[in-house]
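Per-chain residue numbering starts at 1, and chain names A, B, C and D are given in the order in which the chains are listed.
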Amino acid sequence: MSDPAITPALIKQHGLTPEEYERIQGILGREPNYTELGIFSVMWSEHCSYKNSRPLLKTFPTKSPKILVGAGEENAGIIDIGDGLAIAFKIESHNHPSAVEPFQGAATGVGGIIRDIFTMGARPVCSIDSLRFGELTSPEVRRLFSGVVAGIAHYGNCFGIPTVAGEVYFDKSYEGNPLVNAFCLGVLRHEQIARGAAKGIGNPVFYVGPATGRDGLAGAAFASQDLTEESAEQQRGAVQVGDPFMEKLVMEACLELLATDAVAGIQDMGAAGLTCSTCETAARAGTGIEIDLAKVPQRAPNMTPYEIMLSESQERMLIIVHKGREAEVKRIFDKWDLPWAEVGTVTDTGRMMVKNRGELVADIPAKKLADEAPIYQREAREPEYLKAVRAFTLAGVADTQDAAGNLKTLLGWPTIASKNWVYRQYDHMVRDGSVVCPGSDAAVIRIKADSLPQDGEGKSATVDKYIAMKVDCNAVYVYLDPYEGAKTVVAEAARNLACSGATPLGSTDNLNYGNPHNPEIFWQLRESVRGLAEACRAFNAPVTGGNVSLYNQNPNGPIDPTPTVAMVGLIDKLEHVTTQWFKDEGDAILLLGDVVDRNDPMLGLGGSAYLQRVHALKTGTPPRCDLDREKELHLALRSLIYSGVVKSAHDCSDGGLAVALAECCISQQIARETPRLLGAEIDLSAFTGVRLDALLFGETQSRVVISVSAVQAAKVLAQAKILGVPAAVLGKTGGTALNIKANEGTLSCDLRELHDLWWNAIARAMA
Amino acid sequence: MNFAVLQFPASNCDQDAVHVLRNVLGHSARLLWHKETSLGNADAVIVPGGFSYGDYLRTGAIARFSPVMQAVQAFAAKGGPVLGICNGFQILCEAGLLPGALIRNRSLQFRCEHVFVKAATANSPFTSQIPDGKVLRIPIAHGEGCYFADAETIARLKAQNQILWQYADAQGELTDVANPNGSVENIAGICNESRNVAGLMPHPERASEGLLGSADGRLIFESLIHALESKSVAKAA
Amino acid sequence: MKAKIIITPKKAVLDPQGKTVQNALEHMGYGGISAVHVGKYLEIEVSGDKETVRKQIDEACHKFLSNPVIEDYKFELD
Amino acid sequence: MKAKIIITPKKAVLDPQGKTVQNALEHMGYGGISAVHVGKYLEIEVSGDKETVRKQIDEACHKFLSNPVIEDYKFELD
């Protein structure tokens, strides 16, 4: 079978523009052959090269004294957590593959991000996931949702990594464009950091893991175009199938091998598989690499060089070994019954040379291929729809007549309802470190000796550490105001950490948007990156890496701009770990922050869950987040937590104060079918002159509900005052109902009913 | 005491078991690779949870043919105590060391959550230290934990007091809603006729420290340690 | 040659998957369905003398590929 | 009548389960095995006119019982 001729049509089919093709000719000094064309097309896809987004990514804060490996340097960033320990973490999307095959698409997304983490030499210890779908009333959406959740569960559970937190949103804009962002965090000692560099001329290059098949051919390129019936059909031909069992073995073997010092460089084969791993490792080391495809284990007969180079078969790694240490690779991979093959060597040519049975099938300067993809400054234009959004006022929206009914509507809305239908399918406790499981604001895990790459047997004992994390993104806010909305995304993640007692260490983001060639979409991207960067700076949570997923649109339109942010923080002492539910009868309930932002003409109702669900309006300027005030709030909250008085802390987010209070009353789950319900008597009559719906359901930023023992209430108010944060006593805990009294009306709900609506909403929608 | 914690390809609760035995309970515990043919100086064997061989074909079906399982068979035959947790329970059933089988949860979904478990008898090396009437709060995490055996076997298990743990509600009632997977008789764990081999689906190693929300699982390990120390189980060496 | 093996849950064993598939089919409007059973299908490509292979496969089914506590098996060679 | 449905992973698609079972069989000493595929088997008891049933089962296989992205199916009625 001979390779097709390079025609303009073929070039276009590979997603390359005529200018890009010229650039390729310039780099090679000749026409590329078919295999080379394929190699350039995947490496220069948005997914691998960030050609449309790189200028924006440069604006993120990426430095802090604690950062050991920064954004863009390697497969994941690494942050110092003290005592010689460090964490590696990153988020990545698998949106398009999940749209084509939800179960395997999501599963391989989890597998891919886990590989990114152990490639750094770290032991993956937990993962989190951020998911978005259309509305559950559609059977097709239910199929995607249940498939994605089952796929994540399948991979994570079998691999043995706890999935400890996440978020799920349901909105029409994701219908046909589901978002699956997976995050993984790993632990290592400073000296255990591994590098993805092909160092040492003459060193042998090993391929380890299962044989290469035709799966996921050119998946990176597929992810870099709109999702159409044709593009999906192409990809269906060879869906990637995940094998978590294999990955667990590959990881254990790699960590065991890394402990021997035999490894000069290591990189996973993720997007763009063998292509990306060879040219990137060579580019990082400033070396060349030569491989022979005939030596690459192959699953399917008669695979062409093009197919082998572009395959995205899962669970494969490329390892560069110090010459003379080959036997160790063989010993360890044989112990784990894993396939391996020596496929090439590191050279001094600076070129990526690919041979197949003696014939040279690709010869490309590695650095130019990996690092010199074209960069585009796309045109940006403020979207038309924002005019109407800004013009919208509350004038035509009548205040609520049925606050209790509204609360029930909101708690039963799948976006706000408990996500237990999801996280009970995930093993969230394996590894014996889940101190705060899903169901509170941020998850908290304990790092202990066996969190390290090697068991720790015989090694010096480590101190236990507590790491908190959460992923957030209210994409409706971002849609309604990309800059301000993006700030609140980061603020919410940071607030969730603060509620758990943690101080941010860093963050990782996943930019999910529509087609960047549309100036309005590029504007959304640009403006929201501006907001993210500013907020990450404010909270001292530099970005250590992330992922860009553009082209999330189908013929029905683009998704809402969705920059998900996963933030990771540290908790010094176990006593500081705080959960969101009320603890004891008779405790005082306080609000830290202003009950309502009176400077906001929308009173916090713009873009709110309340307007969406009760009034079917997805509009209005979303609530602003004043980063300075938000930061003061977090500082104050943490210092109160450190002083030992805070029994529970829960931030106000979707659904506002009433939903937050209800969640404080109903969200503690003791065991299967055994919630612990603790009521509250709330009096808001001190807050006059505010519409009842804004008071109860407005989403004014920078607010946290805490509970303290009654005798401490006055002291806490005084302390808050000193710390410069508004605070008020709202009421006290007790009873079996949530009762709220305000000037404009009252609300009274039985907790059993609220709990049932909230806990079972998704299960009912899926039945 | 010396514990051997078996390690199959894709065991993933092996380190958790070692952690609890070693760091929480202060005993010696080591991982034993599935290709080993001897248990060394082990006083007791833990077959840990996880997804040995990816749970492909059937849970536990492949692991039970590992070389180490022959040694476990011999150890158990001599009266040595063996405890299987989750996947370990499945492996022991597949190996014929325990009767019955574990099939797909009734919900067809994987379930991870805390459940209440009641010891049905104190008469075993795995339950002797559980106070009468105490309801343990322990997590489960499995997709195939529905215990099944034919009516005859169930009758025998009951007659011989081999049912060790049952899913219950907070009050200790064996209700249907308390049963997370559809197990017959709410069975969460059983032992063999000679009472030295036991298996259970819940994870006591995940409930052995207060900071993880419950320390009730320790009672199971402490029962075993008590039995070993008082030599009420054979020291098979 | 190919061994085609069918493994089915024993009658007495709860088959929640079969029940769920049946309900779903009914929901989708397929009528006249009185029972659904879900089992496994294995295809093994194997070479050797037919009678030896038959014995081997039977043994593998009995000892390993099925669990006699909950499953029945049958197979054919071709 | 009975519809007997066999669902197998597509040839081009990775079959980790089949591969693992193959390795296990080899480890146990079964020789001559060149491939193992693991799929699903469904038995549906259904009444009605044979041709209508055939159409229904085919549709159900395509739309629901198999995942056409990664699986093939075949069935017979008897």
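Basically, a residue touches a chain if its C-beta (ideal position, glycine included) is under 8 Å from a C-beta of that chain, and two chains touch if they have at least 3 such contacts.
All values derive from a computational prediction rather than experimental measurement.
With B-C and B-D as the two chain pairs, more C-beta contacts join B-C. Chain geometry summary: the mean Cα position of subunit C and that of subunit D are 10 Å apart. The centroid of the Cα atoms in subunit B and the matching centroid in subunit C are 29 Å apart. A separation of 34 Å divides the Cα centre of subunit B from that of subunit D. For the pair subunit A and subunit C, the distance between mean C-alpha positions equals 41 Å. Looking at subunit C, one finds that residues 64-65 touch two or more other chains. Within subunit A, contacts with two or more other chains are made by residues 243, 245-246, 337. Residue positions 53-54, 56-57, 62, 65 of subunit B are each in touch with at least two other chains.
Chains touching one another, given as pairs, are A-B, A-D, B-C, B-D, C-D. Across the interface of their complex, subunit D is touched by residues 100-101, 103-104, 210, 213-215, 236-241, 243, 245-246, 299-300, 313-314, 337 of subunit A.
Residues 150, 153, 157-160, 243-246, 248-249, 336-337, 423-435, 437, 446, 448-450, 455, 457, 574, 669-674 of subunit A touch subunit B in their complex. Considering their complex, residues 16-17, 20-21, 24, 27-28, 38 of subunit D touch subunit B. Subunit B contributes residues 53-54, 56-57, 62, 65 to its touches with subunit D in the complex.
Within the complex formed with subunit C, the subunit B residues making contact are 57-58, 61-62, 65, 93-94, 99-101, 103-108, 146, 148-151, 182.
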